[in-house]
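Please go over the structures that come below.
Each of the next two complexes has chain A plus one other chain: chain B in the first, chain C in the second.
For the complex of A and B:
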């Protein structure tokens, strides 16, 4: 069956023998594979959803046999678990994708960039690498990505490999122009690379995505879903009941809050979500149960995002902190008109003012919260200590 | 009649430019001083600083263009762009050109900060402390209205505002307000000594 997680139980890394026995050897594809990739219309699964084919074309144009393939398994989004699960259980699928990229883009280096706290995933990837042939192994080096939100951003990953500091840099130059050590670089999420391995074999992607169902459901975790699966389906697969949710966060911390009843019929498919002004992002679906306070929840996430600013741009560092502080004042002391007005005004002042997209993502998240939880933000009262406990 | 409109516009736009430019300099110093309150977080100062600076350019352009195209002055574009090439009040007008070109360099490097890097940008931004006083002197030396009471009051207010802010800045010796949080963050994501 053409799917990412098909095969043996998801208890540990699949061996090369099992992987090759199930899917056959890694196909020897050439430069024309890029056309297949473009036709597959596969979008990056790291969060930004950028078309993979376009990225490969750009790197191929710039490569003079010196390109770099950066396998992005940093997974800095706190709620997301899907990249870790994929690396821990189907490492050869990811490696296949990376080596196909290396061959097609004439790359001399493959870099595994895996979150430092994702120990099982790193161990599985290195164990799988040890099973590959020497030609492949010699291409690869491994780097532990710092456990910070922005460390997984393309430019931060490149900055880290080249100079040892995982802070985002301004673009241009784009990774395909000047990436790791100044070489044209493909930075690709591990799930996208796993899809590449399937496209090389079957000519098309699996048509499925990995999503993480988080928050108020009995069995939170990773699911592989068809593009026809709705959010309601996915939540009920995680044991959740749709009548007990207040709202759904679609796409993780850089995503948007939705009224639960509006979210249920949405299909977990990039194109379909785009038509609703949403994005699948890194695939996190967060369920806010009816009992939880959306104002306090939003304030907590804003404090986290403000703390994850790399302090390079004033509007991001000071702006996100001011927004988080205003949310926190409302959460802790109850609604006040001044802070509500400030939130409305300041979100517009922060947007688009950073070198990277961190402030924009945080502001889009906050604006969706203000819209979805307008009633709660307008009439919030502080919770008593007993209630909070 | 149209000639005198141009002439009045030159003078008016010049005065407005002085006020705006002084406000920009004060905002710039305030942001370096980390001035903030609950209702006025720091990033608003920088936003206002930027927007006022762009608005200053608009009035400055009006000031220069109306002066040049005014047939009575007969300045020509050369005098407006090449310092000290004017036959009319060579020194005082030349100072205006110098102040304008310094300001242009500051604005252009700010817009291209991503390309030129933080340190080059910062070095050029220090030229503000040259551009602003030169502009004030230009106003006094050239200004048709320089000795009218209202402009003296306006100029004095501008000098007082910028002077106070600059003096305070010198006394507190404030550094880059982002330096310490940036160092802290970098310590968290740095895993290798730089060669």
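For the complex of A and C:
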């Protein structure tokens, strides 16, 4: 079956023998594969959802046989588990995608960039690599991605590998112009590369996505979903009871809050979500149970995002901190008009004013919280000790 | 085709010294932490010399003028 997680049970890395037996050998595709990729319309699954074909075209144009393929398995989103699961269980699918990219883009290096805390995933990828032939193995080096939210951003990954600092850099130059060690670089998420391996074999992507269902469900975890699967379907697959949710966070910490009743019928498909002004992003669907306070929840996530600023750009470093503080004041001491006004003003001021999209993601998240939980923010009172217990 | 100019800030270089907002308040205001917020759109012709001055005087060379070509009546 054409899907990412088809095959043996998801208990450990699939061997090369099993992988090749199931899917056949890695197809020998040439430069025209980029056209197939463009036609497939697949979007990156790291978070930004950028069309993969467009990225490959740009790298191919700049490559003089010296390009670099950076396999992005940093997965810094705290709630996301899907990249880890994919690398831990289907490493050869990811490696196939990476080596196809290396061949098509005439790359001299393939870099595995895997989150330092994702031990099982790193071990599985290295074990799988040891099973590959020497020509492939010689291309590859491995780097542990620091466990920071921004470490998976394209320019941060390149900065880390070139200079040992996992902070974003000012673009342009873009990775396809000057990436790792100044070479044209393709930075591609591991799930996207796994799709590449399927497209090279079948001419089209699986039509499925990996998502992580998190928060108030009995069985949180990763699911492979069809593009017709709704959020309600996915939550019920995770054992969830739809009527007990207050809201759903679609797309992780850079996503948007939705009223639960509005979220249920949405399909987990990039195009469909886009038409609702949403994004699949990294694929985290967070369920906020009715008993949890959305104001306190939002304040906690804002404190996290402020702490994850790489502290390079003033509007992000100071702005996110100020926004997190205002949310926290409301959460801890009750609502007040000054802080509500500050939240409105600062979210507008901060947006679009960082070298990377960290501040944008954070304020889009916060604005959706202010919209969805407007009533709670306007009427919030501190929780008494008795209530909290 | 007319030549238009826009101001860009290298957000990593920018230290929030605020000189640019003093020299070109018509286009640049400072946020509550002292970092510049640039008005959207091209710089009006009569402000271009002042914009150039702001670029030259930025102590950390974070401000730049970028030329954008745009066909008239698009």
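Everything below uses one rule, namely that the second predicted complex is superposed on the first by the 388 of 389 C-alpha atoms of A that agree within 3 Å, B and C clash if a C-alpha of one lies under 4 Å from a C-alpha of the other, contacts with A are read in each partner's own complex, and residues count from 1 in each chain.
Quick note on the criterion: a contact is a pair of C-beta atoms (placed from the backbone, for glycine too) under 8 Å apart; a residue touches a chain by one contact, two chains touch by 3 or more.
Keep in mind that this is a model prediction, so the values were computed, not measured.
If you put the two complexes together on chain A, you find that chain B and chain C bump into each other. Of the two partner chains placed by the overlay, chain B and chain C both lie in contact with A:170. Looking at the superposed arrangement, the partner reaching more residues of chain A, out of chain B and chain C, is B. By the touch criterion defined above, A:315 lies against chain B and chain C together after alignment on the C-alpha atoms of chain A. In the superposition on chain A, A:50 makes contact with neither chain B nor chain C.
Touch criterion met: A:346 reaches chain B and chain C at once. Residue contacts after overlaying the shared chain place A:354 against chain C, while chain B stays out of touching range. Once chain A of one complex is fitted onto chain A of the other, the partner contacts of A:304 are absent, as it touches neither chain B nor chain C. Residue overlap on chain A between the chain B contacts of one complex and the chain C contacts of the other covers 170, 312, 314-315, 318-319, 322, 346, 349-350, 353, 355. Note for the complex: chain A touches chain C at residues 169-170, 312-316, 318-319, 322, 346, 349-350, 353-355.
Against chain B, the residues of chain A that register as touching in their complex are 144, 146, 148, 151, 156, 160, 163-167, 170, 309-312, 314-315, 317-319, 321-322, 325, 338, 342, 346, 349-350, 353, 355. The touching residues of chain C, when paired with chain A in their complex, are 9-16, 31-35, 37. Residues of chain B touching chain A in their complex: 31, 36, 38-39, 41-44, 46-47, 114, 177-178, 181-182, 184-186, 188-194.
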